[in-house]
Structures are given as structure tokens and as C-alpha cells.
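One chain, chain A, links the two complexes that follow: it is found with chain B in the first and with chain C in the second.
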Partner chain A sequence: MASRKNRRGIAWWALVLLMAVLILWPLVNLEAKMATDTGAFRRALDYPGLGSALVNTLVLAVGTVVVAVPSGTALAWVAQRTPPRMRGVVAFLPMVPLMLPPVAKVAGWTYLLSPRTGVINRLLRETGLFSADTGPIDIYSMTWMIAISGITLTSFVYLFVSASLRQRGVELELAASAFGANGWQTFRRVTLPLLRPALTYSTGIVFLLALGQFTTPLLLGGPRNIEVISTVMYRVASAPPVDYAMGAVLAVPLLLFGVLVVAGQRWAIGDERRFVAMSGPGGRVGTRSSWWALIPVALYLGVAVVLPLAALIVVSLVPYWSGRIDVASFTFANWDRALSNPTTQEAIATTGWAVLFTVVIVVPVGYLCALALVGRSGAPRLARRGVDLLSSVSLSMPAVLLGFAFLLTYTEPPFRLYGTTAMVVVAYVSLMVPHAIRPQLSAMMTVGPEYAEAARVGGAGPLATAWRVGLPLTRTGIGVAASLVVIMVVHEFAVSLMVTSPGRRVMGALLYDATNFGTAPQIAVVALLMVVVSSIGIVAAVLIGGTRSLERT
Partner chain B sequence: MILKRATLLLAPALCAVALLTAGCGSESDGAGPTSGVDPNLGGGTEWQQIVDAANAEGKVVLYTASDGATTTLPPAFAKDYPDIELVVVHYASGQLTAKLDAEKGTTSTGADVAMASSKGWWDSNVDRLPEITGPALARYWSEKPSYVLGGDKYVMSGATPLGAAVNTDRLKELKADPITGYKDLLQPALGRNIGIVPGEGSPAAEQWWYYATQEMGGADALKQLASLRPRAYENGTTPLATDVGSGEIAVGFYATQSSTQALAEQGAPIEFVPLEPAIAIGGYTGIVGTARPNAAQVLANWLLSPAGQVALFGEGNAWTPLQKAELGEVPSTMTSIPEDSHLTDGVLTPEQSAFYDGQFLPSLGR
Partner chain C sequence: MSGVEIARLCKTFGGDVPAIDELSLAIEPGEMLVLLGPSGCGKTTLLRCLSGLERPDSGEISIADQRVFGDRVEVPTHRRDLGMVFQNYALWPHMSVVENVEFPLRYRGRLPREERRRRAHEALSLVECEHLGDRLPSQISGGQQQRVALARALVGEPSLILFDEPLSNLDYRLRVQLRQQIRELHRSLGFTGVYVTHDQTEAMQLGSRVVVLERGRVAQVGTPEQLFRSPKSPYVADFLGIDNRVALERKREGWLANGLPAQVADGHGLPEGRYDLFLRASDISIGTPAAMAGYGVTLAATLHDKVFAGEVTEWILQLGDTRIRAVSGHHDVAALVGERVVVGFELKSAVVFRSEASTPY
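Our next item is the complex of A and B:
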């Protein structure tokens, strides 16, 4: 009996070791460079514009939180107040922007808001209200960088807050009303406190994502010299000989922020059980609904998806972009050129394989981690803590920092993986583990231990219990995890740029190439191809998890 | 509902299949001029053994920072070596050498041959590079010892002149004078209508700005340029040309002919203006990988032969170091490096470094 327990303990520790190798080792490896190079601090401090890059990083992150958290929360609140028969579809709509790659969104917005040739700017000037020959909107300014990243990350806040709203129901709000509380009092004293875990979690996540974001500052900050830490790190990684030690120093503020935010989240939420307010099946009964509630959702969808997507489609069909839409000049030549290009075909194939391998590896690893975390698996307490900590580390690290660490670690012995699909997959798996854990963990928490116990009483072994009971009951969570991983891998950009090599280029890297060396229509075509590929991946993931996984993504 | 949702989700997938089907079978365009001269001319049986081994290897990878090479080189190379697939990968200069550093010592993949503008990188890596052994080196480059470097390990194989990309419509609207020289960039009428590629991370580009600033008028000219609020295009010459073509800006400096020409062919009101005296980025070719040693030799030899030189420079977007007469029949657009041009080598002098870091970048607010 004791030896079986020991064997199981060893298996859980093996899982912790695997996660440590995937996530912790590259980071330790990177920071070790800093420790062995005493001049790195001086070089980093002397880096031109480092101070303003730090300030810009913080301004962008805080600004993004200020835009995204209220917008996402408001959106989640109104989505609950749409007419009941539409609620299922409407609840999904604010998550559609997640399917659009960030690079595609930024490119789409550039065609709409470039100071002189942007379609919206042109239309605004034609109203006669603006006298200058450019603007009034300058997409290459900090204000609009904040606006665009805020709009992009609103979906993340919505994702967490709407799930919390769905879970808790409206009984407590109705009770507060019955005792005479007005709308504001109910919101302040009942709704807001109950949303605290979701708001704290989403604020932290959005802050971290905004802090480490790369696409928006790279593509929009460049023309006005607005640098952030992630773009500085990318420049260090692109300038030979690569100064890894200085990159490691530059990474320190991001590392510290990541740790502080995760610790702050835990401190602010404390014991999550204090916020549990499960609603019964009739939990939404009594919510006042209105057709007007559809307007904010439609507006958000229009701004976050329809406008940039429409811009991309139009630009993909013109011979060259002039800021004017001339339907007579539309042609499929750009599509034809892109699709017949072997590089595009190879990138689509590599992305497909990378997504497949990553999902096949990361979803089971995430399942095992969730099993350890759920606390009913017999995993040693310290091993559970290890899994929890390591997944938090990966979640709190900006992708560009991890990309830098992967590049260093896997281009040197003992794991010289550079130039292989294995390197791309290892990097993606390391990045995606936390995203694969959370949905599966949620699914396991809602199932409860009774079914597994019943199976064991009935004589089923651990494997048979997992296969016949655990897996079918958590199928939705598995589907959600697979969908999330597919979306995030196809859209992944920062790490892909650093770890892919010729013949192993993925679509994110291809899109970056297009932004460097391609014309506007070529960029639009590749961006739209990414949308198509991620949609195909999501369909496949939904087939695994059932359509409910889509709602829960 | 489920059916509708599934249909919605499948629609993009079906579109993709349709588009992929539409794309299949279409001919890739971009094939440039080719030469009739046999690239193996002068090679004996030993060279033929290398060519046979290269055919067996079947593939070769070239890294380059040149615009247009990804589309023009593979079809021209395939004409001479149909059994070897040429993969051309385009990187910005700094990224290219960073990638080569990352690939040092790897044998499974990456570049076999590179064309990079930083002579400094070639010099610091010369010990690990193999010699170029093909017949073209002796046949066409023996009279050019200053171009063959590192003991036959790398060759200054071409130069790309950079100039101005001009949106002819916007220039008229702004009532600006025509752009013919470096000083024309400083016209007040062009305020907030200029774009430049600062070239940070590429020593050759940094040198280019050193020479160009001297031609503009030195430190005072730099202040004037800064007062016009130029937009920086860190991503290179193609995004610069794209914005000039669209009219987002009127003039782009540090532009290539190939990127402007591609847009002009699509009907954009854009033209390339060469500037006098010409300042060109020198490009160096050498073998950098060990994964496919024979195919790398064949490609390096081809690039240095008339066949490669015509494929690279036949359209006149960049210059060949060789005299046209040495190359057999060549297109009239092909140009040899003019004697009075500045050529960058990517080896920054202390003065040039001090200028770029201490004057140029700060003047742009960096």
C-alpha cells in the first residue's frame, strides 16, 4: 500500500519536474546570464531611451486596464440583460474578437485610422469639422495605442466577469431590492463584492498582458518612437551579437511585476469560498431584460471585429492601398499570389502541425495538473503547490520575455532544438500549460468527487475511473482548453518570431514578415489567412468538446 | 441553433478550402531576367562531382536582406539547377546576422549561404567559414581582388543604391520642389510628410545615414530634418514605400527601387528618385552553413556567375561589381557599380558610430 502511494507520489513529482524544465529552466538560464556578466547592468542602464520605455510600458499597461476592465465588466452586465432567447448567442459575441489575431486587428485599424489615408479619418475630415489635412485621429499616438489594446483586451475581462455573473445568479440582488436598496446600493454592496475575484483576476491578467504586449507597440509605436520594454527586448534579440545578459537585466522589471501581480491577486482574493454564491437553474429568472442591451454588444462587436475585418478584406482585394475604396479595382491577385507561394503553404502546414502537437501534449499535461490541483488525486501537498506556482509563473511572464529565454536556452547545448518543429512545440507547450489547466480545473471542480468514488467502489481502477468517468464528465473543460490553446497558438506572435527558423515558420512569423517586407494587400491576405486557420482549429476543438465548449471559451 | 453555429464556424473553413483550391496551379510570378551563360563554365570533373552531390542534397537555403530576391532568384536558379530547390529567406540586416549567430554550430537546418551587408560580421566569423571553390570565382572575380575577401571565403557581390521614393501626386499637392538631391528633403513644404528608415541595428544603414547627412549639409541639416517631424519606418523599405504609394507621406528616404517599382506597376503614383552622388549598401556573399555543403557551393558559385549576377541585378534595382562586358548578353537595365559612388561596408568608424548614436538618433527623439 505504502509503496503504491510512493509510486504515485513519484509520478506527481515527475509532473512538477516536467513543468519546471519547461517553464522555470529557460527563465533561470536567462537570468543566470545576468549574474555571470557584471557589465550587463551598466549596459542596460546606458541603453538609450530605457527610462522612457519603462514609463511608456507602465502608461500603456495602466491605460489598457482603465479601458478594458470597465468596458468588459459593463459588457458582461448588459449581456446578462439581453432577451432570454438571444442570451446564448449574445453571450458568445463579445468573445469573437479573441479569434482575430492581434496583428490582424492592428493592421486593420491602421487602414482605418492612419492620420492621412485612414478611411475613418478621411470620412471625419469630409464632414468639414476638421480643418487639418491629417487626422483628427493619430493611430500612432500613445492615446490610440491604449484605446486599441484596451478594446482588444476587453474580451478577456468579459470572459471572466460574465462567467462569474452567470454562476452567481441574481437572487442576492433581488433580495437587496426587496429590502429597499436602490440600484446603485445593490451594485455597490452586493454585485461588486461578489465580482471581486473575477475583477481582481481579470485586472491582473489584463495588466500583465498589457505590460508584456508586443504587437501594438511594435507596429504602432515605431513611427513616433514610442518604445516599451518588450520592443526594446526584441531589438536586443535582433541586434547581433545578441546581448542575452543585457536582455536578462531588461527582463527584471517584467519579472518583478509578474510576481507582484500574481501575489497581489492572491492577497486580494484570499479564500475564494467567501465569494461563492451558486445560482440554481432558475437563477436568471427575475433579471430585467431589454432589447436595448443588444446595442452595446453590437457596438463592441462592430468596433472590435467588423471594422478591422472589413478593412482587411477590402485591402486584400486592392492592387495597392491608397486609402480610397474603389470596388472596380478589386482583384483576387493578392490571394492568388499568397496561396501559390510555397512559403505561405509551408507556414500553414507548420502552424497546423505545431497546433496539433501542442494540443496533443498540453491538454493531457493540463489535465494532470488540474487533477493534482483539484486536491482529490492524492498528489502530495508540496507537489500541488509546485504545479500551482509554476503555472502562475508561466502565466505572469510576458511572451516576449519567454521567447527571449527560449531562444537562449534552445540554441545552446544540451537541448539544441533551434530550427526544428520540436523547438516551436516546446515553446508553445511551455506557454500554454496554464491556459490548458484552468478550464479543465473548473470542469473538475463542478463535477465533484462522488462519481469517481462510486466507480472505485464498483471496482474500477484509477485508469478505468479516469477513462470512463473523469474524462467524459470533464469533456467540456477539455474542449474549452483545446479551443483556447488553438486560438492562442495560431495567434502567437512574440515567441514565434524568436524561435522559428526557415522551413519552420509559423503564420505569426509569416505575418511579421509581411509587415516588414510586404505591401498592405499582402499583409491583409496573411492576416485573413490566420483568421481562417484559427477558425478551422476552433471548429476542430469544438468537435472534441461539444458546442458547450464554445459558449464557455 | 447548433446547426447555425456550426455553419457559421464552418464557413471560414469552406472559404479557406475554396481559396486554397483557387490558389493551386497558378503560376508564381516575379521571374526576372536570366543569363544564357553556363554557371559551371570552367569547372572540371571535381566540380561536376560537387554538382552531382548538390543535386543529391536537393535543397539549399539562402538568407538575404535584398528586396525582391525571394521571388526572382528561385525560378532563375531552377533554370540552371532544376534538381535543387532554392529557398530564399528575407530578413532585415540586423535580424539576418542575429539569426546566423543563433544557427552557429547547428547542422540540421538554417542558412547554407547568406548575403549580408555587415563586413564586420563576416570578418569576425571568417575562421569557421568554408572557402568558395566554384569555377566562377576564378573566372570572373580574379581581376577584382578587393572584392574577394577572407581568403576566398566571402565576396562583395553587389550593391544596392538607396534613394527617395516620391508620391508624385502628394508632391504636387504640397507645392514642393521636385526631389533630385539630398538637400531637397529639407524643404519646409514637406513638413510631416517625410518618412525615413533609420536602420537601427544595421551598421551598413548607419553608415548610409552618415554619408547622406554629409550630403544634406551636416549637423545643421539634421536639425532641419528633425524640425520636419519625419516618421520612422523601423520595419524597413517596403512599409516606407507602401505609405508613400498610398499618400500617407509624400517622400520616403532610404528607399529601394525594387519596392517602389512593385507599387508603381500596380498603378500607385510613386517613383524612385536616385540621388547623386549615389550611396549604396554593399552586399557580401559567403557560405555559412554545413548542412548541405555541396548545394551551398553550387549556390555560391551560381550567385557569383553571370547567371546569378543577371538574376540579382538584371532589373537594375541594384548594381553588379562586375563589368557588363564580362557577363555575356545582359539586359540593358543592368548596371555596374559607378566609380564615384559611396559604398558602405558595415564596419563603422568611431566617428561614424559617434555621429549615429550621438547626433542622428537623438535628433529623431530616440
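Our next item is the complex of A and C:
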């Protein structure tokens, strides 16, 4: 009896160990460099522009929160008031931007808003109201970086807030207006306080994401030397010989902030499982609905998806980009050239393999972790805490920081994986574990334990039970996890840049190369290829998981 | 033949109040043992310990003469040769009805596919659901789902079948119907079963023997007749529905019932002192003083309410500061609500406990 119990315990501890090796070890390994190299602290302080990078990081993060949280909340509130017939589709629309790779979006916006050749700037100048021959909008400024990252992260806020709104329905607001409160009073006194958990959670997440964000500051801050911590870390990582010890020092503020935000959220909302339960059945009581409510949703979709995507398509079809759209000159030459280029082909293949291997590894790992977290699997309590903690560590550390740590750890012995697809896969897996856990966990929580118990009583062992009952019943959750992982891996930029070698690029890295050495149409083609690859991945994941997986993402 | 032995079983969750407390019990082969008790007394926990879904802290369990727990042995659930019927059916929603029923056969010897199908259909016809084989569980009614779950528990002819309140999600009519069906299946198939319920009618009708649990311990075991005739404690009496409680006191100068004077023709030799009487509603009569003259105990009460309930009529009587209930098939007592009536019963038909000790007199 005792030995059986221990053996089961050991399997769970092995899972914790695996997660610790994947997530914790690189970080510990990196920070340990600091201890052995006493000069690192000095070098970090002397690093040119570190002070302003710190300030920029904070300004960008706070600004992003200020843009994203109100607009995401408003969008969720408005989407609930669209006519009932449309609500199913409308509810999903504000999440569409999440399916577009951020790099592609940023590239698209530069074609719209760059000071000299941006289409929108050109149109504004043609109105005659502006005298200069550049601008009036400068996308390479802090203000517009905040705007762009705010627009991007609005979708996240929408995701959390709308789940919370849907779950509790509108009865409480109706009650308030029945007692004579007007619209604004109802919103302030009823809606807002009830949304506090969702708002706290999304503010935390958005702040964290904005703090560690990399794509926008790298692509938009570069030209004017607006650096943030994550771009500084990237510069350190890409200047051989890499000064890991100094990078470790630079990582400390990001690390501390991550820990603080996660701790704060747990304190404010309780554990993850309470959050999962927030996606309940929709409230069916009618609100006053209006077609006007569609306008903000359409506007957001236009700004966040349609405009940048259209810009990319147009630019990918012109021979060279001057900011003028001349339909007669459209050509597929850029596409032909890119697709016949062996570097592009290899990057597509590498991305494809990396995504495939990552999904195949991380979804089962996430399944086991979710199983451990459900708490009826008999996983030891401490092991459960371990899984929970490690997954939130991975969630709260900026990708740049993790990428830096991976670069160090997997370049060194005993791994020595630099230049291989394996290194990319290991890095992606570590990054994606929490995203693979959550959908599967919530699927397991809705299913309940009796089905598995009935199978055990019926004579099926643990493996047979998992195969015949557990897996089929969590299929939707598995599909969601797979599609989420595909989307996020294809979109991943920071880690991709850091852990791929010049000989083994993934598409994100290829796109960055193009922004440095290529022409605008080349960039646009690669960005669109990323969109295509991630769409294929999403479709494949939906086919595995059933059609319901997307709406749960 | 198979039976179950449970010895000194203990199980405590988190806190310090045990859910199962040093419980010992023997279940005879072919017996349907009903576990009865109020919510939270440990019925489900005991059942889950038997199935291996819960691990006891200590004690021993044997099923069919095979040790499944205790003495450094713990046989996992799937090797205990069990069947189980769950309160919420727990039919796997992604398998058809016949696939559900066939499931336990996959793991009992190597049966060819056709043989499995044949036996599954046989089990389904036992519960009159043979025509539903190809449907999904979501396409059949609640009552049918529970019948199918029953077939699934029976199909492998396990040594022990566990029932955890299988009827409590069904409406009244279905409950009665299915209860009778389980009773008949038990009689014809002769399986050993443990049946959890908190409904005393169900317990009485299904149990070969009934166990009343009280805070994780056995309060009393016996056939339904034994329990109903002589409950060992007020707790058991109360739980079996013998819930008319009268405080009787014998003083030198006479008798008091709930503090009011009572006429006792036959005191059955009770010494002076206080007693708690538990009376079945059917053992209490009411009528005019003349009609009640023949009863061993008579006392005056006020008719509080009269409830016509079809086959019987219920009279709610105010007796001092408590109410009691009388039931009879005679509907023709002429008293009106609010009037004084005379209540009569026999002391020998009551269950009598000494007040302080709660021990049967």
C-alpha cells in the first residue's frame, strides 16, 4: 500500500521537477551569474541610457494600462448591449486582433503612420492643415507607442471583463435602474464595483504584459532610440560575447515586478480556480439593446485589424513603398521572390516544426498539470502547489527575460542546443505551459469527477480511464489549449529572436531581419506569411478540438 | 458467494471530527444492506471507502473473502470487482447507451466483441431499455438514464454493487417504480448490494437489513421490522419516522403527559420517573371520551389541523407545548378544528426511553 502511494506521488513530483527544470532553472541559472561576477552590478549601472530606459519602461506600462483598461471595459459593456441576434458574433469580434501577430500589426501601422511615408500622414498633409513635409503623426514617439500597445492589449481587458459581465448577467443593473438610478449612476454604483475582480485581474495582467513588452518598443522605439528594459536586454543578448551577468542585473526589476503583480493578484482575487469559474452561462435577461452599440466594436476592429492588415496587403503588392497607392502597379513579384527564397522556406519549415513539436509536448504536459491542479487526482498537496506556482512564474516573467535565460542555459553544457530547432522548442514549451494548462483545467472543472469514478468502478485502470473517459470529455479544453498555443507560438517574437541562430530562423526572426536589412514590401510579405501560418494552425487546432474551442479561447 | 467485512474503519477529513469512526460491519452474501442516516453522517464516505475511491485512515475491508484494504494491502478500485450506481447517473456522454453498458465487460476477462454486445443487450432488457441502445445518454430521460446506469452496474455480475442515493434525482412516481424494480432485480439476481439513502421508506422497502448511521458510527443494525419495532435510541426512532414524541412522567399522585394530566389504565409496571415516548402515527387514535375508554393511555388534546391525504387522514394534535400526528384510514371523526378531543394509545405499542439516559426501558 505504502509503496503504491509513493509511486504515484513520485510521478507527480516528476512533473513538478520537469516544470522546475523548464521554467525555474534557467532563471536561477541566470541570476546565479550575478553572484559569481561582482563587477556586473557596476557595469549595469554604467550602461548608457539605463536610467531613461527604466523611466520609459514605466511610462509605457502605465500609459498602456490607462489606454487599454478603460477601452476594453467600455467595449465589453457596449458589446453586451448589441442586439441579441448579433451578440454571439459581436462578443467574439474584439478578440480577433489577438489572432493577428503583434509584429505584423506593428509593421502594418508603420505603413499607416510613419512620419514621411505613412498613408494616414500623407492624407492628413493633403488636407492642407499641416505645413511640415513630415507628420503630423510620429509613430516612432512614446505617445504613439503607448497608443499602439494600448490598442493591442485592449483585447485582453475585453476578454476578462466580458467574461465577468456575461457571467453575472444584467439583472443587477436592471434592478438599479428600476429604483430610479440613471445610466451613469448605475454604471458607477453597480457595474463598476461588481467588476472589480475582473478589473483588478486585467489591470495586473496588462501592466505586466506592458512592462515586459518587446515588439512595439523594439520596432517603434528603435529609430528614435527610445529604449526600455526589454530592448536593452535584447541589445545585451545580441552583442557577443554576451554579458550574462549584467543581463541578470538588468532582469532584477522585471523579475521583482512580476512577482509583485502575481502576489497582488492572488491576494486580490484568490487563486486561479476562482477565475476559471468566471465563464458561466450567459445572462438571458434582456438589456436595452441598440444598433449604435455596434459602432464602437466595428471601430475597434477597424483600427486594430482591418487597417493594419489592409496596409500590409497593399504594401506586399507594390514594387517599392513610397506611401502612394497605385493599383496599376500591383504585382505578385514580392511574393514570388519571398516564397522562392530558401531562407524564407526554411524559416516557414522551422516555424512549422517548432509549432508542431511544441504543441505535441506542451499540451500533454499541460493536461497532466491541470490534472494535478484539479485536486481529485490524488496528487500530493505540495506537488499541486508546486505546479501552480511554477506555472504562474512562467506567466509573470517577461518573454525577453525568459529568452535571455534560455539563451544562457541552453547554450552552455550540458545542453549545447544553440542553433538547433530543439532549443526553440524547449524555449517555447517553457513559455507555453501556463497557457496549455488553463483551458484544460477549466474543461476538467466543468466535467466533474463522477465520470472517471464510474470508469474506475467499472474496472478500468487509471490509464484506461484517462484514455476512454478523461480525454474524450476534455476534448474541447484540449482543442482550446492547442489553438491558444499555436497562436501564441507563431506570434512569439522576443524568445524567437533570442534563441534562434542566424542559420535557423523562425518567421518572427526573419521579419526582424527584414526590418533591418530588407525593403518594406519584403517585410509586409513575411508579416502576412505569419498571419497565414497562424491561421492554418488555428484551423487545425479547431478541427481537433471541435468548433466550440474557438469561442472558449 | 460473496460478502463484505468491515472492521474498525476510520476516516477523518481535514478537521478533527471523524466522518467514519471505528466502524465495524458484516454484510452477508446476497444481502441488500441499506445505509440510512441524516445528511453528513458518513454514508457516502463509507461507500467510497468500500469502492476504493476514498482511502480510509485505518481499519480493514474484505470483499468476497479477499482483503482489499488494511494490513499493508490496498487493492485499487478497478480490481475490486464492483458495480456502482451514482446519484447523478454518471453515464459517459460521449458513448452510446450500449457502449456505456458494455464498458465494464472490457475489463472482465477477454470477451469477444459480439459476446460483450449480447450481454450488454441482455442487461438492458433486464431494465426494459433494450430499445435505447444506440442513443446517446443526452437523448434519453432521467429515469431511463438511471435504468441504464443500473444495467451498467449489473452487467459484469460484480461481487458487490454500490448505490449512492440512486433515486433522489427522480420524481416521486419514477422513484416508486424504480425502487420496486431494484427490489425485484435483487430478488431474482441475488447480488450483494450496499444502498445509501436518507429516505426511510426506501430503506424499509429495499433493505434485507438496514444500518442507521450516527456521526460515522453504527447506531443500530437490523431487519426493517426489527428496527421499526424496537429502535434502540431516540435518534433511531426519530430517523425511522417514529417521530411523535411525548414526555411522560409518573409521579406518586398520577401521570403527566407533556405536563398535562393523563389517564393511564395500564402502567406496565413503570416505576416513578420521566420517560420519552415515541409513537407511530398509526398507533394513535382520537375520538370521543366514550370511544377512547378502552385504551391504556388517554389524554386530552386540541385538534390543530385535519389533513385529508387520500387513503388516510392525518390529524395534527396540540398536546401541551408540542404537536403530534395521528394517521388513520377512518376519516369519520366528527371533531372540528379547534375542538377538544381525546387521544388514546397503548403503552406497549410505544417505544419508551428513560428521559435522562436515552436508553430503552
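Everything that follows uses one rule, which is that the second predicted complex is superposed on the first by the 514 of 553 C-alpha atoms of A that agree within 3 Å, B and C clash if a C-alpha of one lies under 4 Å from a C-alpha of the other, contacts with A are read in each partner's own complex, and residues count from 1 in each chain.
One rule holds for everything that comes next: a contact is a pair of C-beta atoms (placed from the backbone, for glycine too) under 8 Å apart; a residue touches a chain by one contact, two chains touch by 3 or more.
Keep in mind it's a predicted model, so treat the numbers as computed, not measured.
Trainee: Let's test your reading of the overlay: on chain A, do chain B and chain C clash or fit side by side?
Mentor: These partners fit in the superposed model.
Trainee: Which of the two partners, first being chain B and second being chain C, lies in contact with A:337: first, second, both, or neither?
Mentor: first
Trainee: Would you sort A:390 into first (chain B), second (chain C), both or neither based on which partner it touches?
Mentor: After superposing on A, A:390 lies clear of both chain B and chain C.
Trainee: Examine A:533 and indicate which partner it touches, taking first as chain B and second as chain C; both and neither are also allowed.
Mentor: Touch status of A:533: first partner only.
Trainee: Pick one for A:518: touches chain B only (first), chain C only (second), both, or neither.
Mentor: first
Trainee: Using the touch definition from the top, say if A:93 reaches chain B (first), chain C (second), both or neither.
Mentor: After superposition on chain A, A:93 lies in contact with neither partner.
Trainee: Return first, second, both or neither, reflecting whether A:321 touches chain B, chain C, both chains, or no partner chain.
Mentor: first
Trainee: In the superposed arrangement, does chain B or chain C reach more residues of chain A?
Mentor: After superposing on chain A, more of chain A is contacted by B.
Trainee: Taking the superposition as given, tell me the minimum C-alpha spacing from chain B to chain C, whole angstrom.
Mentor: The answer is 21 Å, the least C-alpha separation in the overlay.
Trainee: So in the complex, the part of chain A that touches chain C is made up of which residues?
Mentor: Touch list, chain A to chain C: 1-2, 4-5, 450-451, 453-462, 464-465, 468-469, 472-473.
Trainee: Show me the residue ranges of chain B that touch chain A in the complex, using the header's touch definition.
Mentor: Checking each residue of chain B against chain A gives 1-2, 5-6, 9-10, 12-13, 15-16, 19-20, 22-29, 61, 63, 67, 70, 87, 89-90, 92, 94-95, 97-103, 105-106, 108-111, 118, 121, 192, 200-201, 231-236, 238-239, 241-243, 245-249, 262-263, 266-268, 357, 361, 364-366.
Trainee: Where on chain C does chain A make contact in their complex?
Mentor: 51-53, 72-74, 76-84, 86, 88, 90-94, 103-104, 106-108, 152, 156, 162
Trainee: What residues of chain A sit close enough to touch chain B in their complex?
Mentor: Its residues touching chain B are 48-49, 88-89, 114-117, 134, 140, 222-225, 235, 237-242, 319-323, 332, 335-341, 343, 407, 411, 416, 418-420, 501-504, 513, 515-520, 529, 531-533, 535-536, 538-539, 542, 547, 550.
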